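Chain IDs A, B and C follow the sequence of writing; residue 1 opens each chain.
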Amino acid sequence: MKKTHIPKLDDFLGGGIPEGSSVLFYADPGVECEAFGYQTLQSRLEEGDSGFIFTNVTEPSSIIYEFEKFGWDLEKKVDDKRVFFVDGSSYFIGAPVTGKYGIEDYSQIEDVVIKAINDVPDGLGVINNLSTLIDYLDDGETVRIINKWNQVANDNKTILIYIFTEWDYENALIEQIKDSMDCLVNLSTIEERVIIGQGFMVTGASWTTPSSNRVLFNIMRPGGVKIFIPKILVTGPFNAGKSSFVKKIAKNSVSVDRMALGQVPTTIAMDIGHMEYKGFNADVFGTPGQERFDLILDILSKEAVGAFIVVDSTAPETFARAKEMMKRCKAEAIPKVIVANKQDLPDSLSPEKIRKVMNIDQSIPIVPTSLHLNEGIEDAMDALLEILYR
Amino acid sequence: MIVRIASGISGFDELTSSEDNLALKLGGFPENSATLIYGPPEVGKSTFCYQFTYQGLTQDEPCLYLTTDHGIQDIYDTMKGIGLNLDDYLENEMLYVVDAVSSDMEVEESDIYQRSSVHNPTDMLVKVSRVARSISQKSPRLRGVVDSVTTILESNNEMLIVRVLKTYILRIKEAGGTVIITYIEGSADSRTETLIKSMVDNIIKLDGEKIIIEAMKGMGRKEDAYRTTDEGIVILHDEQ
Amino acid sequence: MSTVESGIPGLDELLQSEAGYDLGGIPQNTSTLVYGPPKVGKSIFSYQFANHGLNLEEPCLYITADEGMKQLQQNMIDFGWYLQNAMEKELLYVIDSISSLSGAPIETTNTYTPSKINDPTDLMVKVGIGTRFVFKKSNEFRSVFDSLTTPFAFNPEPMVIRFLKTYIRRLQEAGSTLVITYTEGVADENTEKILKSVVDNVIMLDGSYLTFRSSEGLMGTAEYQITNQGLVLGEGEIL
């Protein structure tokens, strides 16, 4: 097993990647996917393996510069002949070809990459970028070549990592590509009208049953792939049931007082806990809904990926305040779910009615709940996950 | 307000000056732009380049000349023939030539003279870029000439040359340069021709009788008659 | 239907007369392809559209694919339009996908990032970052892609279309009003058909006339000139 040293990924894969395997990192357009290939290569080089990078998106010199920004010295390893380039980019823009191998015609790709694979037995090759290859070759040819490479790599115990941006290709092609791989890692965006985060999840591995957890990550320069535990905010007007909601979704939550340093330092009472639900991990912050919400949001917004706005369905006079908080979330592009609590009480308004009174767009889910009866809590979490992962 | 630099072509600066500037004759090429000079063969495109180059040299603007059809000796002689003597400027290292005429092997390579080949666009680009960088360190302005891109297109994949030309223009402009590029009309695919026209700022057509400014920063279409004389191209102002 | 002012003198009036929009202008949250032969004013249209929005404090995501950042600023200064102020106020985010061809590493700032002309994956990452940046300022923002011409020279045509579809979808989801420019004749006929079909509106510039067709099939045309104030339309008519 070869470790990738990408946080969490080795755990999900049962320890790492077996020699000779092919791994597809397939990404929604907009996800920083190449860092996964580069970081794995860097890890393998550090542990003494050799490797190569096939590039058709940029010249080798700018990949070296990319590595430098991550804090990794690739140039020295190139000089030491521990790693080399298959340069499939420079020639096509009239720049000097600088790799060990250069490609001047797409018909050469198949054989040149096979040579490269054979040069690094027990090592690792990164193909960046598979999607840019497809339109130069044709679909069938692409699939045939990938299968061939994977075969050669397998015989040679070379790991092959493909970086693939999933543009609008035919489903059949995408399926064929996925079928030819030993391991699939999905890199997805988390969106609320704009991209607010990115996550990865192993969706298949021939050697193990992968964990179905999806973890969120940032790409740090320097540093590479860093995972982070996202934060979920729970807020709402006074007496709507925020603290109870936090206790329901984060079993071991505690109440603490925190100093928030704004223009005037204030004490904020928060309920803090950790939720784990269907493979989704997050730190939960329950905050009072009064004016200090803005402060909290400023502090947490960078890593917050969602918010539950808990409202008291029997108290329409508090909706205006709830609406204000939503506006703040909207400005920060944080997905939100409205938890319409106290549905068990006789004078509660229905979700439809609440939507009308609050004048809320259909895209924001309003989930009927009764914290008292323990109803609707999972629905609320499902609603948020659906927004995050759609 | 667009800064213009003297073209060196008699009558051209008057033709390109705006009405308010006419008295001052503040016409010429928009500084730091790229111009395509195109038309049928043998209408004076190279002569146009020589005059443009010489004008720059006389006002302390170094010139980077990429030549594909005429060797350095040819250029020297032809220019002398129309009264443009390069001796001083070669000696002062003001004129830099990248010579892609493969047959011309007599002149020694030096800081100001490098050989390349039309069959090797990468090499041309590398050499031109290196020279442009070194010129930009000693002069804030320079003139760049490519005469002609047709010959380069004929020897290579056209789309590759489009990319190389794009990079060339970008780099010369980055170095503060004003570029002219010559091209024989219809010698490449129409798609290539459109791409080339789209990546320059100004387009001038020479058809043997008329000079037509089809597009130029800061002005509309204009045309005038011209003649090639023993003093190079002269634009006649009788038809305005 | 709400609209955004194009900033092209005469165009908003023309659109108002033909479509009965309240303000006159380009329908908000739509995509518009501005196309035509080389040197007819497509980039100038983009400059005007962006600059006008910035003057109204409407943020703008600007992708420059033909000219580097320096040249873009210079070109706009030729018309007396300055970007500096908008960048200081963080109203403008520029993605420069062409300057990296100059060979030197380019640094990212808070309102400017380089990308690579032959790396659509990287460009889309930068679009994501830039979109979030301007979105935080206002979810009613403009975006300009000037132009598709150079991407077509550096990438296979289907790749450019794949990118464009994703680009339009993402920007429209974020609430943007998009202008995209393209030089007619640099891609093949079929690709041009697809191009025109993936946008809501098209504006054709032929050097003398500007012709507008909206997604609802409204058409208008007017004579135009390129002046030192940018494009200026003459009297127009509805077709």
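FYI, contacts are C-beta pairs under 8 Å (C-beta built on N, C-alpha and C of every residue); 3 or more make two chains touch, one makes a residue touch a chain.
The model shown is predicted, which means the values in this text are computed figures rather than measured ones.
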{"item": "Touch-based graph of the chains, sorted into line, ring, star, complete or other", "value": "complete"}
{"item": "Chain whose Cα centroid lies nearest the overall Cα centroid", "value": "C"}
{"item": "Mean-CA-position distance for chain C and chain A (Å)", "value": "30"}
{"item": "Centre-of-Cα separation between chain B and chain A, whole angstrom", "value": "51"}
{"item": "Touching two or more other chains - residue numbers and ranges from chain A", "value": "92-93, 95"}
{"item": "Touching two or more other chains - residue numbers and ranges from chain C", "value": "101, 103, 154"}
{"item": "Residues within chain B bordering two or more other chains", "value": "163, 167"}
{"item": "Interface residues, chain A side, partner chain C - complex", "value": "27, 29-34, 56-58, 62, 65, 89, 92-93, 95, 129, 131-132, 135-136, 163, 165, 167-169, 189, 191, 193-196, 330-333"}
{"item": "Chain A contact footprint on chain B (complex, rising order)", "value": "121-122, 125-126, 160, 163-164, 167"}
{"item": "Chain B-facing residues of chain C, complex", "value": "37-39, 66, 68, 70-71, 74, 78, 98-99, 101-103, 147, 149-150, 152-154, 183-188, 225-226, 228"}
{"item": "Contacting residues of chain A [partner chain B, same complex]", "value": "90-97"}
{"item": "Complex contacts: residues of chain B adjacent to chain C", "value": "1-2, 32, 129, 159, 162-163, 166-167, 170-171, 173-174, 190-191, 194-195, 197-199, 203, 214-215, 217-218, 220"}
